[in-house]
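The data blocks that follow each hold one structure.
One chain, chain A, links the two complexes that follow: it is found with chain B in the first and with chain C in the second.
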Partner chain A sequence: MKRLCLILLIPLLTGCWDSENIEELSLVVGVGIDKSKKDDEIMLTQQILVPPGNSVQENQAQLKYKNVTVSAQTLHEAIRDSLLITNTVLTNHQRIILINEDVLRKIPMEAIINQSIRDNNTRRSCHVYLTKRPTKEILGRSEDGEIPSNVIYELKDNEHRTNKILPPLTLGKASSNLQSDGSFAIQAVDIRGGKLILKGAGVINNSKLVGVMNDEDIAALNWLNGKVKGGIIEAVQHGKPLSVEVINRTRRKITTELNGDHLTINIEVGYTARLSEDWYGKENSFEKAYLKEVERIAEDEVKKDVKKIAYKLQHDYKTGVAGLYRYVQNQHPKFWEKNKNKWDEIFSKADINYEVDLRIVDFGSKGGIK
Partner chain B sequence: MGQSEGKILSGELAAIISCSMLGIGMLTLPRTLTEKIHSTDGWIVLILTGIAITLLLCLLVVLLKKHKVADYYTYMEEAYGKWLSKLIGLVVVVYFIGVASFEVLAMSEMVRFYLLEETPVEIVILSMILASVHLLTGKIKAIAKACVFFLPLTIVIVLLIYLFSLRIVELRNLQPVLAKGFLPVMKGMGSGTLSFFGIELFIFLFGVVKNQNKIKSGVLIGFSIPLILYVITYVLVVATLTVPEVEAVTLPTISFVQSFEVTGIFLERMELFLLITWILQFFLTHAIYFYFAAEGMTKIFSNSYTTNLIVLVPVVFLLAKIPKDITGILKMSDLLGYLFPVILIGLPIITFVIVQLKRSRRSG
Partner chain C sequence: MKSKPLHIKLDQKQEELKSELDMQDDVVFKQIFIPGYEVSGLFVFVNGTMDYRSFNEIVLDLSAAQVETRHRVSIEQLVISKICSVREQDVETYETAKEHIFDGKTLLFIDGMVKGYVLNLVKEKNRTFGEPSTERVVRGPKMGFIESLQENIGLIRQYSNHPSLIVQQQKFGTMEKREVALIYYEGKASDSLLKEVNKRINEVKATDLQDSGMLEELIEDTALTPFPQIQNTERPDKVLAALQEGRVVIMVDGSPFALMAPTTITMLLQSPDDYYERWVAGSFLRIIRYLSLFVTVFLSGIYISLVSFNPGLLPSELAMTIAGTRENVPFPPFVEAIIMEVTIELLREAGIRLPSPIGQTVGLVGGVIIGQAAVQANIVSSLMVIIVSITTITSFTVPQYSFGLAFRALRFGAMIFAAVLGLYGTTLFFIIVISHLSKLTSFKEPYFQPMDFIGKKTWKDAFLRLPKRKKGGDSFGPVRRQNS
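For the complex of A and B:
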């Protein structure tokens, strides 16, 4: 028995097979994918964390990251090629993937994210962004030595304050979307005044980039599918601007009606709001009629924007990025089963009725101007 | 002690059955089910299959009780005679060895892919086999204790992980319910058998339970714990990943856990905990099947149990080395999947009929 115990102890000696010193690993926080100068190659930029305290000169400002760029035909080959420059890369902690517009115009998105989805280390929770500029430039833009990947990653937390940001698109969600109807919007990142900003969005259909949207379009799209979580509605009353801040969604009801092959989509959303700014000199928010008027103006503003984006989706991009197909699938499964390949066409011809109900529940700590 | 030595309680029976069912099945279940029916109704399939198996279990318990089966191998001998029963017993043992190898193989693949890339799989497999041999020297009582200890741990950790996941689950993805009618659901009934591996073992455990009256409740509780976990898993995974994506990924349950990060507490990534608890479950499933293989051989060849344990180590190891790639592994699971209903349903019912005929002839 004693001998058996000794034999059983042997496997314990194997614990160190996979050990790797942490300073010899390259922790990747973000990657960028560009088109290479060579025609059929892609260029991969990996942003790698540099642990502090490695530099000899203490007082010299030291970058917290380094970027490694390599070109290859496939993504995995590029990652392997980067090993000629840096230590073993570890994508466990990767937070973002940036994809350049040019890449998505040529190569299907499905192919671009394929490696990341298959990989055993990359998590499905990492975020995907689009860029107009080369991703190499974006990943190289740093202020005060901040790590660009982290800066971009953290910007998404502002979702509750502004409606000009799309809900974050995770790798897993992108993959699911590509597997189902394949059309969705993807947040874009840009540089303005030397700073990284979230700006605009791309429209993906069938794995390809079919168009770009600006910030107003994003806000309108968020209104359309009821994904607004905060932000401001700007409106004009009596020739003076006012802003209404969105507080909470109170209802969202999306119904679809079929009349033969013609689809009607009815969207009703309700929000509570706050009158947060009013430049009109004769404001009197203590009076109900005044607030009702503001509500109506703000509602009209939203409806106008939504109408614009609905037109754009139906006529310019010809695709239903808003995820409305889910409602058709759920409410008319048989119709969907028959026509799911023609969804873009059906959506383009559909009637979209949009109703928004804003209820101003407070007006801040001031309600009247003498 | 005396008579009750080596006997297990009905609660321990339940834990053993649960632990032997929870294995690779839970990680692949959403895919295998969805692949068959191409819709979101897999949870209905699961519940219906669960009800069907529950009824079957009740029937089997009644049948076995009626004949006062204490030891299944002697019972088979009564039915088929000495040599034929040994042959059938051998087939059963081969099946047990097969499942034991398969579980350890699946575990090693998972470890290789997600945890230890450089460590040779042989080492992982071998250390798992040796560890279970060590556990098995304590026979069924030791296994029962291990199961009773690990099962609550597994349930708590898995439910905790699922709780954190609720943020990203979109139940809308589970609609429409029964969009394609009831037919695909009925067709899907047979699929996902891999997840129910382990339930057949209660037939062989019949003799060792202390309180014979509580067997039925023990078996049913042991069966319902994994079933409930399966339904929850299916609902969450499909609601998060959507149907086409579930069909596309290899281990949907792990992909699902990788889809979110928990912010606010120290731990962000939950898949590690899932992997760790699942290695435990793999180990227990493996050990339980290993035990039944060794026990069966002891009954058939009437030799020493310890010898059989040691003889089986290389057998299980080599069998686990046969499939060369992932398709080989899938083929192996299919092969075992054919034997499973035979051992769960065919064998006990046929044996019952034959014994019933023989006994009535003798008395009549």
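For the complex of A and C:
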């Protein structure tokens, strides 16, 4: 019994060295990285949740977050400097990282996310966004006391309804992309009409920002990749607009062919769709031929867009943002081993054949003249 | 004075007894005169232990006796024939006479005869059979044991009339002698078990028992554990099921609780109405019970470790809510939890001791008002109150009260481990509890038994209550491995 007591007392010697109560921590939900006024420093803005307090009355009209901004040469130094202002920082709950365009123009992306990747507390599922405006402004833009970081984070759930959003770029994915071919697109955030909005994207190549895309480009890029999960194809028939909503992907096949050093990429995607809107007065959805016609028009529309973005990628950005390199790597490993440093060049010269097959399986509750 | 033989003369006897029992005011001496034989008799008994109606009948019988002229009957024969229905044995000495008097028997002495007759006119003071208050079921028999051993055994015999049901009785104690009964099915209970039970019982025979709980403590495998290694019950149906499983039932006179051995942890989590309701409902409730056991022990510990050590594991929104409720609380979560848990335990203890209408008020005042006030005064966070309430409610779902007590105590262990080592400590505590349970035995049978039943068919009855096949003639009962 005496021995048992002694054993039980041992833990008391250690104390509770890791114990830190949750209300004494600063829960960081979002981080913004800007350029500082000083030339060699970066400015870190941390969005920290402020507990809503106990009583109900206090709850209303109170902002539920605060932003802490500090400048330092490295990110970690900046985080440590922020401790002069606020409680111990806990980055476990961090959901987004915003990076200003100016920063990316000057500093390689790999360096910027380096601290977050090395740190085991920051989750690799944290999303990375690009901003044109200073991140400090974006993180300060709040409506009805909502937390800007959460607003941005939750917008990505609309992926299934619109194709103008890029698939979320997580910290982990960004890191692994940077490790491999180093080119990818990154969703941008902006403010319009006082509201936060997902708008456009940046193209990263070799850790540098090489260009920006608009919403249509994003949609086209999603089509090229076969990453579309929803959204509308707008087309015109008989001079009247119509829209086709994408339901599901039924097929995606990407093959690469080599002819010497010349690469041909064949992309085939198939989708089921729904005729969701048609302004043409004499439409007859009961007619199979009519639906076929609509399908053809929508397919043409997609192909036109894809052609445009392919051209842009190959000639303006000169980089294979779409992640197509993986198919070359898999299908022609020897060629890839030899030429992986010249990938951008090879991609720029490659032929891209794109085929899309839309099948309208539904035209809603209304159709026909009867 | 030891074993002093009785005097022949009635007056001498009375004097001798009176002088020996002069301190005892409740010993009654009643003279009787039998006119037909012209002899007097003396009844000696302790007031209050005797059934006056049967006493009156005997008195009437004796005093109305006439001398038959055709067949002369001696006074001895007459008395014996009149009292034969209640006569137990005869006494020769004052010592044995005294013993019998305090045993509740009535003594009859006749003038001119040395020996005295012991009449069993004992009236047992019992309450009536009622619903077992500690183990209520919604569906199933509503009969519970009472404090009389003979009545309880009668109850068991009534439902199980098989001749191989063995009842062995022996006396226990030094000052007060108590009957202890050992009940089992011959052939079903294994010989090694019976040997072990008998050995342990014989070792502790010289103990005064007030309740079967005292016997339980003396014959259990080890005292260094919070878990009860012997199951107790007030329900005859549970006892019958245990008997059919080949377990041994021990009952003590004066205690409505029967002991059943050996016991495994799963048995303590089974309620009889699992078997009386449909199997889906039974299985569901059983799973709920396992879950609530886990919640009872670990919820407060997990809360403490999440709040003070691993806040990253909480969903962000929940982390915000918790941080909000804890904003103005001056104590660390561990102290907060201890305050609340101890308060609840106090309330529970107070509620049990008080008469039931007041007990409920205490529960209400304590639970609702103190909880609310403590939150408003910022002494504890509102979430802590919720967590403590949940652990309290879940601890009540354990069908066996003593088993629930064990887990209530273990909860504090989990909280201490959580406060020192966080989630790692909580896991550590879980491992310690599990390994302790694995080591534990009940009458040399593994306590954690059904866990190794995976692969054998009996696991069905451990976590779930799956439907039973129809068995011709055989009785229903939880399937259990026979170790013979």
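Heads up, the rule we're going with is that the second predicted complex is superposed on the first by the 352 of 370 C-alpha atoms of A that agree within 3 Å, B and C clash if a C-alpha of one lies under 4 Å from a C-alpha of the other, contacts with A are read in each partner's own complex, and residues count from 1 in each chain.
In this text, contacts are C-beta pairs under 8 Å (C-beta built on N, C-alpha and C of every residue); 3 or more make two chains touch, one makes a residue touch a chain.
Just so we're clear, the structure is a prediction, and the values are computed from it rather than from any experiment.
Partners chain B and chain C, once the complexes are superposed on chain A, both fit on it without clashing.
Contacts of A:Ser276 after superposition: neither chain B nor chain C is touched.
Once the two complexes are overlaid on the shared chain, A:Leu90 sits against chain C while remaining clear of chain B. Angle at chain A (Cα centre) between the Cα centres of chain B and chain C in the superposed arrangement: 50°, in steps of 10.
In the superposition on chain A, A:Leu49 makes contact with chain C only, not with chain B. Of the two partner chains, neither chain B nor chain C is touched by A:Ser142.
Looking at the shared chain after the overlay, A:Ser207 reaches neither chain B nor chain C. When the shared chain is aligned, no partner comes close enough to touch A:Ser348: not chain B, not chain C. In the superposition on chain A, A:Val29 makes contact with chain C only, not with chain B.
In the superposition on chain A, A:Asp18 makes contact with both chain B and chain C. No C-alpha atom of chain B lies closer than 6 Å to one of chain C in the superposed arrangement. Residues 11, 14, 18, 92 of chain A contact both chain B in one complex and chain C in the other. Contacts from chain A toward chain C in the complex involve residues 11-12, 14-16, 18-23, 25, 27, 29, 49, 51-54, 64, 90, 92-93, 95, 121.
Chain A makes touch with chain B in their complex at residues 4, 7-8, 11, 14, 17-18, 92, 117, 120, 123-125, 170, 172-173, 175-176, 179-180, 326, 329-331, 333-334, 337. Residues of chain C touching chain A in their complex: 306-309, 311-314, 316, 319-329, 332-333, 378, 382, 417, 419-422, 425. Looking at the complex, you find that chain B touches chain A at residues 113-120, 123, 126-127, 130-131, 134, 172-173, 175-176, 179-180, 240-245, 248-249, 255, 258-261, 269.
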